[in-house]
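Every chain is named by a letter (A, B, C and D) in the order it is written, and numbering of its residues begins at 1.
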Amino acid sequence: MVIIVESGAEEQTIQNLIEKVSALGFTPHPIRGVEKTVIAVIGPKTQEKMELLEVMPGVEQIIPILKPYKLVGREVKSEPSEIPITGDLTIGGERIVMMAGPCAVEGYDQLIEIARYVRSAGGHVLRGGIFKPRTSPHSFQGLREEGIPMALAVKAETGLPFITEVVDVRDIELLHDVADIYQVGARNMQNFALLTELGKVDRPVMLKRGMSATVEDLLQAAEYVAVEGNDRVILCERGIRTFETSTRNTLDISAVVALKRFSHLPVVVDPSHASGHDWMVPALAKAAVAAGADGLLIETHTRPQEALVDGPQSLTPSAFSRLMKDLEAFCEAAGRTI
Amino acid sequence: MVIIVESGAEEQTIQNLIEKVSALGFTPHPIRGVEKTVIAVIGPKTQEKMELLEVMPGVEQIIPILKPYKLVGREVKSEPSEIPITGDLTIGGERIVMMAGPCAVEGYDQLIEIARYVRSAGGHVLRGGIFKPRTSPHSFQGLREEGIPMALAVKAETGLPFITEVVDVRDIELLHDVADIYQVGARNMQNFALLTELGKVDRPVMLKRGMSATVEDLLQAAEYVAVEGNDRVILCERGIRTFETSTRNTLDISAVVALKRFSHLPVVVDPSHASGHDWMVPALAKAAVAAGADGLLIETHTRPQEALVDGPQSLTPSAFSRLMKDLEAFCEAAGRTI
Amino acid sequence: MVIIVESGAEEQTIQNLIEKVSALGFTPHPIRGVEKTVIAVIGPKTQEKMELLEVMPGVEQIIPILKPYKLVGREVKSEPSEIPITGDLTIGGERIVMMAGPCAVEGYDQLIEIARYVRSAGGHVLRGGIFKPRTSPHSFQGLREEGIPMALAVKAETGLPFITEVVDVRDIELLHDVADIYQVGARNMQNFALLTELGKVDRPVMLKRGMSATVEDLLQAAEYVAVEGNDRVILCERGIRTFETSTRNTLDISAVVALKRFSHLPVVVDPSHASGHDWMVPALAKAAVAAGADGLLIETHTRPQEALVDGPQSLTPSAFSRLMKDLEAFCEAAGRTI
Amino acid sequence: MVIIVESGAEEQTIQNLIEKVSALGFTPHPIRGVEKTVIAVIGPKTQEKMELLEVMPGVEQIIPILKPYKLVGREVKSEPSEIPITGDLTIGGERIVMMAGPCAVEGYDQLIEIARYVRSAGGHVLRGGIFKPRTSPHSFQGLREEGIPMALAVKAETGLPFITEVVDVRDIELLHDVADIYQVGARNMQNFALLTELGKVDRPVMLKRGMSATVEDLLQAAEYVAVEGNDRVILCERGIRTFETSTRNTLDISAVVALKRFSHLPVVVDPSHASGHDWMVPALAKAAVAAGADGLLIETHTRPQEALVDGPQSLTPSAFSRLMKDLEAFCEAAGRTI
């Protein structure tokens, strides 16, 4: 860390700071300039003591130098991670993994119909919410327990792996058989109890970025899972909150580039939730592939007009098939397959 | 809701929309203008069907009219709620409730020392984190189970009620005796499983606004608690995420005014976490009282230089005592007592 | 517009509102529901009177229905505009227009060197700041008047059209010969005096989105130019201000999609200023093409280490050549040429 | 500045960096840690060369240490500036300066009526827009030249100093007699041509913070005025753009505290534009005084229902008089007079 000393601090104040750094077990490197004095403090574990120094008299600001995450960072593992999902399917390698399906599982008939065309259009993973976290308690919360056997049946019939959201630590067990990938939603990105438990499961975890989480916050959240031993973490960019009102959220396409540079973990983009508009999804999906994403999460519905949740952003079967086709050329341009 | 029809939509498209509204059980009121046609749909329960209409061909936009919360809104209960805490202490009435203490409980000696001067300076509630949700898994996470007997002892000795954060549904029971008020942190504001369980406890719940939550989101989160039967919900403004970097977060002082107008629940302001700077806390605390807050949450520490968490924003005992004194005139100006 | 009446408003209040609407010359359409009453008011010119109604007693909210721009919108002109620049070069058609060059013109030698490799790599337009708006008055402000003959000489020698920023209404004349496209910077997007004057020139105008401007604000700013008679307006997305700190600004890729849908004007993306990092530029450039942009604005410099302005985001000649090559496949995938 | 070297940089890369620093005329102070090496570079003028170093190979990040403004900062002048307006009236001293009036001058009768009750209620300065910058070219743009004689007549009759916005460098002269304070609006905060010219006038300048400007940006904009010789700059906080939709903008009350700490210039708060709601104005005005503001800018109108601009946020005469009375106790609590 670098300690910036207040302008006009007295010599004694500077000495006290230097001694405090030593007392914490680090080596202080003071550098005195005409207008400012700074004290550099280099070494492992320094970050954790930052708060003890920030309150010392004479400190104007302390600037961290080390990244606040380790296991998920490129400094620990420089090549990208290719994470196994089920069977031969992996994410983070050459293939762009297409995850598609309804926002919420509404019944067996709905799910099997969607699953069939997702598979026939070339999709790799079926998505579907069983427990739905909703902003209002008066909204539909998902089929809950009741939805599990439906999803199991559809998986069995289609062979598609299934990704579904877990919103409560107490449901991890319950969802174990049905969830080939556990999804952590944006609202729970910093539900550290949930992340810690998911660090102990034998399944990949897809972690959605919180609506106001920085790239660094997301990587620290991923670190919570990794530190418990589960290194199969997939990051997901799904839009951040800004002042713009023409989209539900603002898809932060640069975050894909930043995440791929700072971390070895695979990155998925969810253009459906980011934009909230079906007409925007194809363009954003192509942009995500161009920017280097490893997968896409697309909402689809056979009859968006009847969807119980998030209809406006769902693609119809024909729109999804067209997107799958249109993406081919972009994947090829990006040196990937689909 | 009001359905805005796309410019140039054909008559048949408009007819289909009108029929769909009828099919959902509502009465459509189409109004045709030169440039635009709109269809007004009035009535209870309409909001929940909005998504089914948003995806119909010809719909440009749908505008909700009813507020998405009920129990916590002024439309249901027009006078402000005065919520009992313990003994005679209430919040939401004339008294500005001062909650103060360390960010984290670090040990019995630390807590009792702080508690004594909080009480002697006139504070009403002791705060202290036992379970600490931290952005990084490598940071100090609180004393956890170990901290409970310390807090119990300090409560017994000082008689101060205690507010502490619950981060995991599985800890609600564990914290029951020590927590006179359960605090839900900003990161868990939309942890709906936690909110639902807290709706069943016999304790007040203080719900901190998420860093990117709107006033409306916060009220809907409060509704999750209220809908389960616990009407003792306290709202807390603690800063939102913006582009400004001179403060940790941006204290949204207008939110205090908006929350008091839209809801009957009491509102507390946390200037310590909002700003991240001890030198900013007194001015913001005064502003909060002037804006109509019902209470303040202030971080204090006897030796901020040694605090394990959030030292830079903690007031020293003398700074806290001075604040208590300085607030008197502002409370009086606001027609309140302290 | 739609007037939402406050819950519990008395009949007389509603009557007053209805009369006020009539008095303004419009036809009110009141619709009464169990919980809410709304009054729809349809017709041209209604928007301009909104403020007069917003303050009437009993009004909870007024919702506009018509878009606040006309000339630049798709409702007036449904096919995309292809705007002539110089010679055969147009923007908004099949070709992705590549504008590249240094942030600031620093001298003839620097500019000619960059211009030559921009041209040889296949770039279409040379960019270069002559007047530089800088956040601090202590920073380099551009060569100003002195830079004009240099740019004229480079244009003459290379045949490349030149785009440069105008920051003062008094400089429009001065820059007329050198600027084949006038650029309005993000900080001046709502400098309406400047926009109005640029509405009278016989040159295309590229309008950069303000750092906190919505898509709708940008289109209204474009309307200022168009309303004066200049219909050669090019929109430019260059990043918005958010809480994210890993990039200088957040490139709003969805804005490209939204602008193309709501407006017929061409859209350019500036990945250099948006991200502030040279290593991010290629990925964002590809994403922009995939999302539907009509052109790119790329900062390049032969010796970024010596650039007087914005070195960190400039591509070297070899990086720029590689980008031009890599973009080919993406342009083809998008059905465009480069 | 502090240069953070990339992890794993080779010795030669570090040497090159050190030599580059020397070549720029500064003294490099390299400090080598186990995980990271940093190079501290202390001294005046270092900031301006930052961009030249940021692009050197091996540089991960460069952190500035010196504040990017001088003349307006507390480091140059530690006591607050008390700025003369007209006659005995100053701002920045004990008195809270109340500036009130309509958003736009609509006619002599309107202005004189408002001016009279502003004066009788105890207001100090009359505000009124003559040139109005509006988001849409189709909105009312102010009376323009025609409004000047009206404002001159009202000033002569009431003796109130007048503050009005200047939106074009070419209007500075024209407004000289009528403007006792020139106002620069939020949209023009970084219109550097305008700021530079206002640095040469013999009038105070009130500079409104841009909607996405940081505290540091605002101070740098103020520096543009000060550097030309005009040290009578007044800063104005009027709300920033965030995701919150219950207010027009988010009043950044912490900015008042930060500006007063970092700068010696007086700070005014505009609760009317910040919130957009008349019912919010009184609470925010009190909060501003409590936070340390030196003045308030309040929109008032005798008949808000007929205001041509911004009616919804204007106080009626009786609401303004009540506010003036209610503020007394808060001013006294803050050790100020009104």
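The rule is simple: contacts are C-beta pairs under 8 Å (C-beta built on N, C-alpha and C of every residue); 3 or more make two chains touch, one makes a residue touch a chain.
Please read these numbers as outputs of a predicted model, since none were measured by experiment.
Engineer: Using only Cα atoms to place each chain's centre, name the chain farthest from subunit A.
Structural biologist: D
Engineer: Between A-D and C-D, name the chain pair that shares the greater number of C-beta pairs in contact.
Structural biologist: Pair with the higher count of C-beta contacts: C-D.
Engineer: State, to the nearest whole Å, the distance from the C-alpha centre of subunit A to the C-alpha centre of subunit D.
Structural biologist: 38
Engineer: Counting only Cα atoms for the centres, state how far subunit B is from subunit D in Å.
Structural biologist: Centre separation, subunit B to subunit D: 30 Å.
Engineer: What whole-Å value do you get for the distance between subunit C and subunit D if each is reduced to the mean of its CA atoms?
Structural biologist: Distance between chain centres: 26 Å.
Engineer: Please list all residues of subunit A that touch 2 or more other chains.
Structural biologist: Each of 212, 240-243, 245 in subunit A touches at least two other chains.
Engineer: Hey, which residues of subunit C end up touching subunit A in the complex?
Structural biologist: Residues 212, 214-216, 240, 242-247, 250-258, 261-262, 274-275, 279-280, 283-284, 286-292, 329-330, 332-334 of subunit C touch subunit A in their complex.
Engineer: Which of the residues in subunit B end up touching subunit A in this complex?
Structural biologist: So the residues of subunit B in touch with subunit A come to 20, 48, 51-56, 68-70, 133-140, 167-170, 187-188, 190-193, 196, 210-212, 217, 220-221, 223-224, 227, 240-241, 278, 304-312, 314.
Engineer: For subunit B, which residues are in contact with subunit C within the complex?
Structural biologist: 2, 4, 7-8, 29, 31-38, 40, 42-44, 63, 65-66, 75, 241-243, 245
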